[in-house]
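Multiple structures are listed underneath, in structure tokens.
Look at the two complexes coming up: subunit A is in both, with subunit B in one and subunit C in the other.
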Partner chain A sequence: MSAGTAPTPTDALAPRSPLGRIAAATRSDRGAYAASALTALVFWQVIGMRFERIPTPAEVAEFFWSQASSGVLWAAFANTLDGFFVGLGIALVVGIALGLALGLSNMVRTFLNDIVVVGLAVPGVIWALLAILWFGFSFKTPVAAVALTATPFIAVQVAQGVRGTSRDLMRMSTAFGVPWHRRIRHLVLPSVMDYVFAGFRFAVIMGWNAVLLAEWFGGRAGVGFQTRTWYDANNFTGFVSWVLFFIVFIVLLDRLVLERVARRTFRWRAQATATPRGGA
Partner chain B sequence: MSGAVVSGPRVEGRDGRGVALGRRARQVALVVAGWLAFAGFWTYASNNLVNPFILPTPAKVLDEMWTIASTGELFEHFQWSLMKTFVGFGLAVAIGMPIGMLMGTSRWWRAYFHMPVTVAGNIPGITYAVLALVIFGISVEGPILAVALISMPYIAINVAAGLDGIDRGLLQMSHAFRRRGRDILRHVLIPTVIPFVFAGVRLSFALAWKVEAITEVFGASNGIGYMIRQSYDEFSVAGILAWMFFFVIFIVLMERFVLQPVERRLFRWRPAEVTS
Partner chain C sequence: MATLTIENLTKVFPPPRKGAEPVTALGGLSFELSGHTFVSLVGPSGCGKSTLLNILSGVETPTSGRLSVTEDGRPAKLGYVFQDARLLPWRTVMDNMLYVQDSRDDKARDHARRYLAMVGLENNEASYPGQLSGGMQQRAGIARAFSVEPDLLLMDEPFSHLDAITARSLREHLQHLWQESGKTVLFVTHDIMEAVQLSDRIIVLRHGGHIHADIPIDLPHPRRASDPEVAAVQAEILGRFETMERRLEETAAA
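For the complex of A and B:
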């Protein structure tokens, strides 16, 4: 991993005095994580004190407590997650079907490729604004924004997975006259599962972005709406706190839930490299 | 990520030229048919299924695009958005490259930056837009900051990965001949890293371009995002769609004719799978 230009002392070589042990701990990976977190906290505290618009960690914690104990926080998240999950469900169903078609048939791929490429390139904010103009202040707005943003990403991932499916097995099953639905069920689906999952993780981040945008511009409840309300009220403590709530939520969901599930499910595979997958 | 584009089947010449040409013609016909079917369905839907205000016909949107292009609005706002995106990338390279080099050469720094870089690369774009809004208000600097923040992790991670594959022998030899750290940096590390900086830019381009637009939707007085916002405020679906198509056409052209060719050139010396 490291290029080895600066060899770090291993634990076996580390001096045994208490001070030496502390020094060794600081040099370890865990020490680096702690240093990183500490730097971030100090940095936040300093800019919080320096800039009037940015609240300090203590102010945010206090605000979090007030929102959590009054129940506003949970209600807003419940509201947002409702539309978010329905939209993701639709994106998953449509995306997998579309991806299978794109991956299995050259004709469909040539036919629809450009349209999917356009779909990938359209930013979530455009879908959010269009959804508001189309559906107004209704439940359909966040659902449509999430589904429209996320579907092309799932479809593309699934199509890639299908094309990575063993050609030999495909040809053999064609030769032996295996019906297409059994071919999809026993050959294609198992091999695209991890692509579906990767696509789903994209979709979660993309969808979260879209649902927040839809609520910010045209919602009457939910996390995006709350954030907007505090912004309009010119209350930056409330505004920054709500922004942090939705960041922390998506980071926890992605890192703690989805990544663990991925690691468990695909344990048998070689470790894949992690690449950032920001969503817009 | 959006580089994960489904590419069409490759026409192979081995079946003879006539067959290949026939296949090519069939392919073009299918692509055209795809667009025609799409436009046809869209026209039908806007004439019969919904209110044309909700979904204007393709002809109306094309007309709108023509107006935007011929009045010079297109050029003016594209210029602004492009300028902000490029300055943002410059900033991202300036910050991301040193971070990536630290991560690539020292285990401690890799662990130190692991968390911030993964978090920064995995949060939704709206975050950067509102952050820019808090710090700068309605401004030119806001989108620049948003682009820098969203693309920096990609550049850092790519540079770190690039340094993993550095020629160790060259480094050891430089040390053996007691080259100064500055010389090693200049003649070994930086030349190795430059293509990976570019790979980071290329990977994050579509994303940065989108975040730039989102930030402009939130608070700007020029640029594509600002025009999309203006169309929205005027309840003009045709306007939003027209700007959306310009936006998308630009991404696709940029990917096909600038980023992919340059990347292929820079990474000619490597096996293909390493870059993606």
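For the complex of A and C:
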């Protein structure tokens, strides 16, 4: 009798066969994500059918499509992104500069520490309202709301990173007379990148909240303004659709952009541990 | 080649806690060295060896005294090799070399390559420090220090964290580099054997940063630890150390 030619049950579920691929996918992280999303959709559909004041996924998708095809969605999104990214850019530059100063100088830390703590404690909604009072219904309002909300988070994280910079490497730089601008660029900034990313991710979420609040209370266009419009119209489908868009955008930005940028920035770690050590 | 002059140098650290006494690391140290020479500072832990190197490199400031490191009348350029390599982990070996250079152009790269080749790391310039063994990292640290073309090279127990075989190999590398470069080296070590193998002169410090002995080693370079002449000098100096320890114990007992 010949042996080893007939497929065994294990062979049938081997990863290369279609059945095996499906079996492997259900056990993978992606399978878990897909199952989680599917469960949420089914749950949403059930409660949407049960309660009149909750739109179903199909209704939301239909509304979304109408907003996208009429161009309203893209115009509002572009308007919000403008203010959001300008504000975030300001927060990043000012936050890193402030964080470096707080981390490197005891005098600056003593002088500014309480102010930064107050900045952290003020909620985004207050910054949004203050920005409206200061700048009215202008482009500066969402920019200021994002910048004021996000800057303290970046500054505090960067300052913490600077204080954690290796003293040995700082002493090495002093011993070799490395100029300050080179130390900051090649030693301090790479040391604090973990902290910058942690602060930036948090700042993105807080800033996105702030820009929408600013548009909600004092905008004439944008995602926040649209959300408010449908809320005022008592249209649940419209309101939920825009809120959902707001949430999905921030999740995708975090997963598709920030995580990839972080992986790229820290790829030296993977390379640094890729080759086995050896030799004198 | 540099001239180092130290006159009555003191360094007193503030008390480590309330009610404690200030700590005197250096209590009026004076010596001079110049030219193509290799001088080792030897002594027990806490006798001020590393403090002196930190003062020389600008990491610490002295409490009092005079200190000058000159090269033909101008301030001398310093290089430093630490106990551990102190390389930037996110930069390649070449980028670490360039970090301490005045420029990053092709000339600076060629210069760095020359020193990497001298320590046997010519094929590792694109490696990250984490990809290298401890001994290779330390060789990179030595190449970095030589590559700045220092007038005075300070070395603070550079082989103390390495295994005996690696340390032995690096001592030989160091002797060749020193002979070829003609630098002035001030080398701190706990290891009398190492000091005898490498040095033209050994300055023995005791607690409080005072010189206990200043011993010339008149043997040709390069030396091997197994050379009978080196072993004889090592035995003689160890004998002196034992005498010193006995006297200190007697003084303490009295």
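Following the convention adopted for this analysis, the second predicted complex is superposed on the first by the 227 of 280 C-alpha atoms of A that agree within 3 Å, B and C clash if a C-alpha of one lies under 4 Å from a C-alpha of the other, contacts with A are read in each partner's own complex, and residues count from 1 in each chain.
Following the convention adopted for this analysis, a residue touches a chain if its C-beta (ideal position, glycine included) is under 8 Å from a C-beta of that chain, and two chains touch if they have at least 3 such contacts.
These figures come from a predicted structure and were not determined experimentally.
When the two structures are aligned on the shared chain, A:Leu169 is found in touch with subunit C, with no touch to subunit B. Residue contacts after overlaying the shared chain place A:Ala121 against subunit B, while subunit C stays out of touching range. In the superposed model, A:Leu187 makes contact with subunit C only, not with subunit B.
When the two complexes are overlaid on their common chain A, residue A:Val178 makes contact with subunit C while staying clear of subunit B.
Applying the stated contact rule after C-alpha superposition, one finds that A:Leu212 touches subunit B and leaves subunit C untouched.
More residues of subunit A are touched by B (comparison of subunit B with subunit C). In the superposition on chain A, contact of A:Leu19 is made with neither subunit B nor subunit C.
Shared interface residues of subunit A, touching subunit B in one complex and subunit C in the other, are 273-275, 277-280. Across the complex, subunit C is touched by residues 168-169, 171-172, 174-178, 182, 186-187, 190, 268-269, 271-275, 277-280 of subunit A. Residue ranges of subunit B in contact with subunit A, taken from their complex: 1-2, 4-9, 27, 30-31, 33-35, 37-38, 54-55, 104-127, 130-131, 133-135, 150, 153-154, 157, 161, 163-164, 166, 168, 171, 175, 203-204, 206-207, 210-211, 213-214, 217, 225, 228, 232, 235, 237, 240-241, 244, 247-248, 251-252.
Residues of subunit C that touch subunit A in their complex: 54, 57-59, 78-80, 82, 84, 86, 88-91, 95, 99-100, 127-133, 135-136, 139, 148, 154, 165-166, 169-170.
Partner subunit B is touched in their complex by these residues of subunit A: 1-6, 8, 27, 29-33, 35-37, 40, 51, 53-54, 102, 106-107, 109-118, 120-126, 129-130, 132-134, 153, 156-157, 159-160, 202, 205-206, 208-209, 212-213, 216-217, 227, 231, 236, 239-240, 243, 246-247, 250-251, 254-255, 273-280.
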